[in-house]
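Chain lettering (A, B, C and D) follows the sequence in which the chains are written, and residue indices restart at 1 in each chain.
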Amino acid sequence: MSLDLASLNAATRADFVAALGAVFEHAPWVAEAAAGGRPFARVTDLFAAMREAVEAAPAVRRLALLTNHPELAGRAARAGTAAPDSLAEQAAAGLDRLSEAEYARFEALNAAYRDRFGFPFILCVKRHGRASLLRTFAARLESTPEAERRAAEAEVLRIAAIRLDALVAGEGSLQTKGRLSTHVLDTVTGRPAAGVAVELAEIVSESEATIVARARTNADGRTDAPLIGGRPVPIAAYELRFGLGDYHRAAGLALPEPPFLDVVTLRFGVAEPEGHYHVPLVASPWSFQTYRGS
Amino acid sequence: MSLDLASLNAATRADFVAALGAVFEHAPWVAEAAAGGRPFARVTDLFAAMREAVEAAPAVRRLALLTNHPELAGRAARAGTAAPDSLAEQAAAGLDRLSEAEYARFEALNAAYRDRFGFPFILCVKRHGRASLLRTFAARLESTPEAERRAAEAEVLRIAAIRLDALVAGEGSLQTKGRLSTHVLDTVTGRPAAGVAVELAEIVSESEATIVARARTNADGRTDAPLIGGRPVPIAAYELRFGLGDYHRAAGLALPEPPFLDVVTLRFGVAEPEGHYHVPLVASPWSFQTYRGS
Amino acid sequence: MSLDLASLNAATRADFVAALGAVFEHAPWVAEAAAGGRPFARVTDLFAAMREAVEAAPAVRRLALLTNHPELAGRAARAGTAAPDSLAEQAAAGLDRLSEAEYARFEALNAAYRDRFGFPFILCVKRHGRASLLRTFAARLESTPEAERRAAEAEVLRIAAIRLDALVAGEGSLQTKGRLSTHVLDTVTGRPAAGVAVELAEIVSESEATIVARARTNADGRTDAPLIGGRPVPIAAYELRFGLGDYHRAAGLALPEPPFLDVVTLRFGVAEPEGHYHVPLVASPWSFQTYRGS
Amino acid sequence: MSLDLASLNAATRADFVAALGAVFEHAPWVAEAAAGGRPFARVTDLFAAMREAVEAAPAVRRLALLTNHPELAGRAARAGTAAPDSLAEQAAAGLDRLSEAEYARFEALNAAYRDRFGFPFILCVKRHGRASLLRTFAARLESTPEAERRAAEAEVLRIAAIRLDALVAGEGSLQTKGRLSTHVLDTVTGRPAAGVAVELAEIVSESEATIVARARTNADGRTDAPLIGGRPVPIAAYELRFGLGDYHRAAGLALPEPPFLDVVTLRFGVAEPEGHYHVPLVASPWSFQTYRGS
C-alpha cells in the first residue's frame, strides 16, 4: 500500500508521524520534526525536510541514529527483534539464510567494526549483492572514525530514501529504483525471438551463483516484467542465460549436436543500483552480440 | 618425429611394417598387406590401401581388430598394459585421472557393452570431450549388434587415420586435425587488443569444467598458437574467457566498479572435430559480439 | 479531425453518409448501404460492412468503383479535378511534381493500361515509393483482365481502409499505419548517443534519392517522433544517414582525418508498409552494426 | 622488375646510379652520393644514405629538387614531358583524365602556389584521393614559405621512398605499402559467404564516386587479392558495396521484395595510407556489422 503526498499534507501531525515514523530506524523524531514543514509539493521536498531534521539534530541524537541500527546478520536480525523494515531488507539480501560459516564471518566483522567505531556497520543492503556487501564491509573497516560516521549516516539516508519512495506516491520520486531488462532479437528471421527461456543469476563467487529471476520472452522478444525492477539493482556481477539452442530447435532449424550456441551466457556487472541496465541479445545460431542499451 | 612418404615407399617391407605396424592396434598384418601396394603418391592412398586390407580380411580377423582393442578406462589401460598409443590417447582424454565413481561408471558400461556385443566399446577418444564420450557410450549401448560392429570398425579406422596422419608427412594429409582459434578486436581504438588473458575451458557438466588452454593475445590480437591445433577438436561444450576488464584498466580507461564487462565468457559447442572454429571477440567496455569466423 | 465510432453510430443516416461518403471515391452508396448495419462495436466491423456492400453490389456498380478512380498523375489529378483525397494522396507520393518526361511516362502507361483493361490503373499510392509504383504499374500491365479487376478492387479497398482509419477513432483500428524508427547507441560510453543528426532518404534510383525526414537524436538516442509514422511506410529502398563523426568530435574524441566513420549510411528495404521497421545503429568510432529491431 | 640489394651493393657505381638515378626526380646526384655508402645491409639504410645526401646538399641544389618537379596536372604532365615515374603517378591518381574545369582549377592553384612560393606544388599523389589532394593543395597555399619548403621536401622524400620500395627487394622494406581488404561472414550458416560481389568506390564528392576495385568473395569469404594492396591506400572516403541480396537469393533463401538488405554499403575513411584497413562484413538477411579488423 502506498500513501499519497496530498493526504500526508492534510493528515494530523500524529497520523503523519505514525505513517512515516519508521522511515528512520527507531527515530520517529525525524518525521516529527519534518511534519512542521508541511505542505510539501514533492516527495523530494519531504525527504529534504527529513534530512535537514537529521542534520539539525544534536550530535548525541545523530549518533543514536547509527547506534540504533541493527547489525547485518547480527543477533537482533537473527532473533527477529530488529525493526520490521530492517528484517525485510536483510532477508531480501539473503542475510537470513547464511551458512554457519558466513554468520561467523559477519560476527567477526561486526565485532571488529563495533570495537573500532563504536556503532554497528550500516549499509543500505538493498543496493548491494552479497559479494559487494562483504567487499564494502572489509573496505570500510579500514576507514577513519570521522569518515566512517559520515559514511554510516549517508547509508542511513539511503535506507530512509528507499523506504520513503516505497511508502509515498506523488510528484518528485526519489529515484531509488533501478531496472534490469533484456530483449532477444533473431537475426535469421528479423523478428523478436519469442519463447526464449531467460535466467538471471547473481554471481556471488567463482563457485557460487544465485538465481535472481526466471522468465520467458514474449511476442516482442522481451520479458513481461523487467528482470529486476521497482527497487535498486544490487551492485554485483550477473550472468544472463538464454535458451537459444532450444529456441532454434523449436523453430525447426537443423543444428549440429552440440549446437554452436546452446545456452548463451552474458556476464556483466552493475555499479549503479539506480540505473537502467538494458542488456539485449541479438543472435543467430552462429553469432550473438550484446551491449548496454537503453 | 614424423616419417616421410618417400622413405616409406623406399623402405624394406620389414622397415615399413616396423614403422606402421602399430597404426592398427595389435594388427601389424594391416601394414603388412598395405606394403605390397607401394609406391603411394599420397598419404591418402596409403591409408586407402590399409582400409582395403581391413575390408578384404576374413571376418575372424576383422572381428579380432575389435576384440584386441583395450576398454576405455578399463583394466588394461589402468594397468598400463594397453598399447602405448592407446595409453597416450586415453590419458589425453583424461581417462587416466577419473574418480573412483567415474571408474565404476566405466566398469559398468564396459561390462554391459561387452555382454551385449561381445567386444569392447571402441571410440576414437581424441574426437570427444568427456561428456560426449559418455553420451556416445550410453547411446551406442542401445544399438544393434550389426550396426554396432560397423560403428566400432569405423572408429578403429578413425583412430588409425589420426595415428597415420601424425606419423607420416607428405602429400595428401588425412585431414584429421581441427583448429580452435580466437582474435580480440578493440572497437574503442580500432586496433587489435594485445595482452588480453584468454582461457579455454571444456564444460564437462553444470558443475565441472576443465581448463584446456591459457594464452595471452599478441600485438595482432591473436594467440601465438591456436588454442587447440594439430589434433581433432574434441566434441564438447566450451567456454572462452577473456580478461577484458583488466585489458581496459591497463589501457587507462576509467571503468565503473564492478565494470560492465570484466571477464567476458563465450559459451559455444564443437560438433566437427576436424573443422576450424574461429571464435573472435569484438568488444568495447560496453559491448561485445562473437560469431563463427574463418 | 477524427470522428468517433460512438457518434457515428448515433448519427442520422444523412450525417453518417456525409461523414463517410468519400471513403470510396465518388461512391457514397457504399456508406449508404453500410449505415443500415449500425451500431458497430469496432471500426473493423464498420469496414467489413462497407466491404460487404461493395461485394453485394451489381457488377456495373462494382466496375464503376474502378472507372470513377482518377488516373495516377493523369489529367484529372493535374487539373485538380480529382477528389480531394486522391489529390492529397497523389501529392504525398510526389506525383504532382513530376518532370515532363515522367508525366509522359505516366501518360503512356495510363493509356496502355486503359486500352487493355478498360479502367484506370488503380494503386494505393500511400503504400509505394516512386520506384515501387512504376515497377508495380509495369508488372500489372502484364496481368489478365479478370486478375486485374480483382487487383484493382483490392487496391480500392486498401485506399478506403486508410481513409477510414484516418477518419474514425475507436476500438479495432484497421492497422493501416506502419512505423520506421531508429535508435543510436554509443558503445564507447555505454550510453544512448544524443544529438546525432539523422537523415532518411528514399532511394528512387541509382542516381536519385529524396530526403524523407531529418531529425536529431534525443537524450535517449531516439528521435522524438518516428521517422515515418501514422501512415503506411512506402514500399521502397531507403538510406539512413547518421552524423556519427560530428557526434564523436562534439564528444571531444580525437579522430583521424578523415575519420574511419564519418557519415554512416544504412541501406535497407521496406516490403511491409504496415510493419514496424526499427533500424538501430550501435556504434563506436571504429565499428557499427544494425539489425531489424522491434 | 625489381633489383635486389645484394646486386646493387656489388654493382659498379655507374650501374648503381643508372638503376637508382630516377628515384629523386631529375637528381641522379642523390644516388651518386649514396653509392659511396655501400654496402647497405638493409633497404632502409640505402634510403637513409639518400636522405643524408639530400640534407647535406647545398641550399641551391636542395631547392632545385623542388623546382625540378613537374606541376600536378600541369603542362609538363599534359604534354607528357615530365619524368616517366611522375607521369605514371599522376595518371594513377587520375590527373590525366580531368575535365577542362578541373584542369582550369589546377592551373589556377598551380599558378597561385608558384607565385607565392617560387616552386611547384609537390605532393606524393599516390597517398591521396582526389578530394584529399585538392583539400591539401588549398591548405598548403595558406602555409608559410619556410614551412612549405620543408613540407615540399618531405613529399619529395615520400615520393622517393615509394619509388625505391617498388624498385629494390631486400631486408628492411620502407613500408610504403598499405592494404585494404574485406571478408564476408554469413551468420545464418556460420560459414564464410562465397561468391558475394564486392565493389570498392572512392567517394570524390557528394555526387561523384570512382570505382576502384571489383571482386567476388572466394570460398573463404575473402577476395583473392586485397582490394588495394602493394601500394599506399590513398587518403579518401570509400564505400564498399556488397551484393548481399543476390548472395542470399542464390542460397535459396526466401526474401521479401525489396529485401531488407540488398546491396549493403559500408562508408569509411582512410587516413593512414601505409596502414592495413580490414573492413569485414558479418551479416544475415536482417543484420550486419563491420569494424576495423586486422
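We take it that contacts are C-beta pairs under 8 Å (C-beta built on N, C-alpha and C of every residue); 3 or more make two chains touch, one makes a residue touch a chain.
Because the structure is a prediction, the values reported are computed rather than measured.
Homomeric contact chain A/chain D: same residue numbering on both sides for over half of the interface positions. With chains reduced to the mean position of their C-alpha atoms, the one farthest from chain D is A. Seen as a C-alpha superposition, chain C sits on chain D after a turn of 180°, to the nearest 5. Rounded to whole angstrom, the centroid-to-centroid distance between chain B and chain D, based on C-alpha atoms, equals 47 Å. Here the spacing of chain B and chain C, counted between their Cα centres, is 58 Å. Touching of two or more other chains is recorded for residues 185, 187, 190, 260, 282, 286-287, 289, 291-292 of chain B. Within the complex formed with chain D, the chain B residues making contact are 183, 185, 187, 190-192, 220-221, 282, 289, 291-294. Of all residues in chain D, only 132, 235-237, 256-265, 267-272, 286-292 touch chain C in the complex they form.
Put simply, chain A touches chain D in their complex at residues 185, 187-190, 260, 282, 284-287, 289.
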